[in-house]
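Starting off with a structure, shown below.
Residue numbering begins at 1 within each chain, and the chains themselves are lettered A, B and C in the order written.
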Amino acid sequence: MKRILSVLICFALLAISLCGCGYEYHDLNLRAKYTRAFEGTEITVYNWGEYISDGADGTIDVNREFEKLTGIKVNYLTFESNETMYSQVKNGGVKYDIIIPSDYMIQRLIKENELQKIDTSKLSNYDLIDEQYKSVYFDKKNEYTVPYNVGMVGIIYNPKLVGEVEHSWNVLWDKKYKDKVLNFNNPRDAFMSAQMLLGLDLNSTNLKDWDKAANKLKKGKANLQSYVMDEVYGKMETGEAAIAPYYAGDYLTMVETNPDLKFFYPKEGTNIFIDSICIPKNAKNVEAAMLYIDFLLEPDIATANAEYIGYASPNTAVINNEDYYYYQNEILYPSEENMPKVQYYHDIDDKIRIYYETLWVQVKLY
Amino acid sequence: MKLLSRLYIALILFFLYAPVAVMIVFSFNSSSSVWVFEGFSTKWYEGLVYDTTMLTALEHTLIVAVLSALISTVLGTAAAVGILAIRKKVASSLVMSMTNIPMMNADIVTGISLMLLFIFMGNLLGLNESLGFITVLAAHITFNLPYVILSVMPKLRQTDANLVDAAMDLGCTPFKAFFKVILPSISTGIATGAIMAFTLSLDDFVISYFTCGKYQTLPIVIYNMTKKSVTPDTYALSTIIFFVVFLLLIFYNMLQSKSEKQASARKGRAK
Amino acid sequence: MNKKSFGNQLLAAPHVVWSVLFIVVPLFIMLYFAFTNADGGFTLENIQQIGLYKKAFGISILYAAIATVITLLLAYPMAYFMTKVNISSQRMLMMIVMIPMWMNFLIRTYSWITILANTGLINTFLGKLGIEPLKLINTPGAVILGMVYDFIPYMILPIYSVMSKIDKSLLEASEDLGSNAFNKFRRVILPLSRPGIISGITMVFVPSVSTFYISQKLGGNKTMLVGDVIEYFFNAGPDYYNVASAISMVLMIMILVCMVIMNRFSDDDSEGVII
C-alpha cells in the first residue's frame, strides 16, 4: 500500500508535467539556410545564466525556435562564472558543443588546447560581426571565437537612498554607505574594483600587487552588505541595497523594474569584456553546433537576444537597426567622449592565478 | 501547564511553517517579486506549464527517485537478510560500519568523493562523459542503502527463525520459504525503507550537485534559480509539491489509523 | 542448516560489492588526491595548506555547535509536550513536524530572506510601527537561524520517538517514591531520553558543520564555512582538487571524532535511532 502511495506522487507530479506547452512560434526572417540533416541529434549549450532570450513575456524563445527549425534538441545549461564553466569543461564530466566564456578564459582555454577551430567561412552570418570586435587579443586570427556580447562594468546606485554619489570606485569603501554596498562575488571582478582604485594593472604578474588589492578588499569588507552575483537584481530592484558594481547591460534590465536606479562608469576606469561563442575540442555534434552559431547571429535572433539580455551587441544588424530597443543607447554604446578608460582581463600565468584565487578565500575569511 | 505546553507547540509550529507560509503567499504574487506582495494572481502556476527546464528537471528527479528507491530497496533487503546470516561478528559489524558511512558522513564529502571516483573512472575507461544519469542514480542508491537496511533489519530480527525451518520442514524450498514466510513479516520495514529512500532521493541536493553532470534534478535547477533573482514560479512549484505531499501524508495517516483499528478489533475478537 | 545460512550470507554480496565500489573506493581516491600534487607525486603540501583555512573550520564548528545547542533547547520541550497530547494528535503532530522536511531545503532557506531582509517582512512591519530597521540578514545570527530551522525536525523526531516509548509505570513509580516534577525529569525522563538526544545532536551537527548553502544565502557570502571553501575550490577547477580533497578529508575526520565522542555518551547500544 505504501509503495503504491509513492507511485501515486509520481503520477500526480507527472500529470502536471504532461499538460502541453503553449509557446507561440514567431515568424523569423532568416538569412542563412538551415538543413534538417541533423534532425534527432542533440547539442549541449553551456552559457551564462540569463544570457539568452527565453520566451518570457512574448519574447522569442531562441532555443525552441532553433529546435523547431532544425529538429536538433538543445540541451541548455547555465553557469555563473567563468571559473565554474572552466572547471566543468576541464573535468570532463559533461561534453559541451557550445560554450560562451569571456575573453581571458578563452585565452586560457586556447592555451590549454581545449577549443577547436571554427571555420567562419561556413557561417553565412559571420559578415554581420562588427570589425572592431574581430581580431581581439585573445583570438587575433579569428580562428576560435565568434563574438556574442560586449560589456563593461559600472556602478549602479539608487539616488533615492543615498543621493548623488562620487563617480569613483571609492563609493564601495565610503563609510557613509556602510551596509548599503554590494560587491562582486567572484575573485576577478572583486579584485578589479580594488585594483582600479589603487591604480594597479588588472593583469599584474607581481604577487605584491595582488596582496595590496586583497588588503584593500579586506578593509572594505566591513562596509559591505554582501558579495553577490545575479542576486544583485533583487537587491537593487527592491532597494535592499543602494550601491553595487555590475555589468552595464544588467543595469538596463534593473532600471526597467526600478526606474530610480542610476548608473555610471567610475572615473578610475573599468573592465571591458567580450563574451564569445566557442566550440570545445571534444564537442560531439560540431556541425549542429555550427548551425546553432549561425542561428545566434541571425538579425532577428541577435536583436531578440540583445533586447532581452541588455548587453551591447557586436552584430551590425543589431547595432544599425533603428527599431532595436537600445539603439544608440549611451550606456551600451558610449560616444567617444563618454567612453571610460577600459582594460581587458588577460589570462595570467597559473602561478599568479592560483595565488589570487586562493587569496580570495582569505579575503572572505577575513 | 497544559495551556503552556499547547502554546509552546504552537510557537514551534509557527516557526516551522512561517517560511512555508511566506512561500505559499508569494507564489500568488502578481508581480515577479518575492519581496513585495503586489496583488493576487495565479499566473505563476499557469506559467509553470511552459517552463521546460523545470519540467525536465522534475522528470529527472522522479525517474531517479523511483529507480533509486526500487534498486536500493531490493539490494538493501537482500543485504539485511545476508548480514544477519553472517555468523562472524567481526565480519558483520565490518559490513554494517561500511554501510553506515554515507549516513554518518557529511553529504559534501560523500558527493565529492563520488564525483572524484566517477571522473577517475571516466578517464580510465575513456568515456566521453563521466557524469550523467548513471552516476547520479548510482550516488542516490548509495546514500539510500543504509536507510533501507536499517528499516528492514529490526523487523527481520523480530521474525522467528523457526518459522522458516517449519516452512522448509513442510516442504518449502528456501526460496519459497523466504517469499512465503519472511517477506510478509518484514513488509512494513521494506515499505518504510522504500518511502524513506524515495523522499531522500527526491530532496537530495548536495550529492546530486556534484554527481549529476547535465542530468539536472529539480533541486539543482532550484539552486541555479536562487543564484539569480528568484521569481514566484519556483515558489509555485514548491507549493504544488508541498500540497501533494501534505495530502498524501494525511491519506497515509488515515489508512494507518484505520488498519490499526482493524488490528486491535481483530485482537479483541481473538481474546 | 549451514548450507542455508551460507546461501543467505550470499544475499549480502551485491550490497558489499556496491559499498566497496561506491563508498570505500571513493574515500581512498579522495585520500589519494589529498596526498598528491597536480602531477600525481606524493606531497604533504595540501595538508600543510589547511592552516590557511583554520578560521573556516573554527567558525563552522562554532556556528554548528551554537545551532545544535539552540535546536536541542527548542526541540526538547517540544518533543516532551508532544508526548503529553493524546495518541491521534501525537501522530498528527509528528506528521506536521515532518512535512517541512519533504520540502526542498533550498526554498525553505530562501524564504527566510523574504522574512529577514532589510526591506523584508519583519523590517517592513517594524517600519510601520515606527521602529528603526534591524540588521537581520547577512549576519552570523541569520546563518545560525538557517541551520536551526533547516535541521530542527531531525532533533525533535528522535527525541520524541524515544520519549514516547518511556514506560509510564516508571514515571508513576518515581512519583510514588516521592519525586517532585523536577526530580522525575532529572532522574527518569532525561536519562531515558538520552539516546534520542545523542542521535538528534549528531543529525543536526553533521549537516550544520558541513553546509554550504545556508551561509551563502543568509550570510551574504561574507564569510566561508568549510563547506563553502570546499565548494569554491571544486568549482574553481581541477587545479584545486588536491587541496579541496585535503580539506574534505580533515572535515570527515573531524566529524568522525565528534561521533566517537558522542557515542561515548550513549553507553547503551541504542542501534540506529532514526526517525
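Basically, a residue touches a chain if its C-beta (ideal position, glycine included) is under 8 Å from a C-beta of that chain, and two chains touch if they have at least 3 such contacts.
These numbers come from a predicted model, not from an experiment.
Between A-C and A-B, more contacting C-beta pairs join the chains of A-B.
When chain centres are set by their Cα atoms, the one at the greatest distance from chain C is A. Chain B and chain C have CA centres that are 17 Å apart. Chain centres here are Cα means. That of chain A falls 37 Å from that of chain B. Shared contact sites, meaning residues of chain A that touch two or more other chains, fall at 91, 238, 240.
Chain C has residues 117, 119, 234 in contact with two or more other chains.
Residues of chain B in contact with at least two other chains: 34-36, 115, 230, 241, 245. Per the touch definition, chain A reaches chain C in the complex via residues 81, 83-84, 86-87, 90-91, 179, 185, 221, 224-228, 238-240, 350, 354, 357-358, 361-362, 364-365. Residues 4-16, 18-20, 22-27, 29-30, 33, 74, 77-78, 81-82, 84-85, 88, 91-93, 95-108, 110-112, 114-115, 117, 119-121, 149, 152-153, 156, 202, 206-207, 209-210, 212-213, 217, 227, 230-231, 234, 241, 244-245, 248, 251-252, 255-256, 259, 272, 274 of chain C touch chain B in their complex. Contact residues on chain B toward chain C in their complex (touch as defined above): 2, 5-6, 8-9, 12-13, 15-20, 22-23, 26, 34-36, 75-76, 78-79, 81-87, 95, 98-99, 101-102, 104-110, 112-117, 120, 138-139, 141-142, 145, 147, 149-151, 168, 174, 199, 202-203, 205-206, 210, 218-219, 222-223, 226, 230, 234-235, 238, 241-242, 245-246, 249-250, 253, 256-257.
Residues 52-53, 55-56, 117-119, 135, 138, 219-224, 228-229, 232, 234-240 of chain C are the ones that touch chain A when the two sit in their complex. Every residue of chain A that touches chain B in the complex is listed here, in rising order: 1-3, 5-10, 12-14, 16-17, 19-23, 44, 49-50, 55, 64, 75-78, 80, 91-95, 229-231, 233-234, 237-238, 240, 257, 282, 284.
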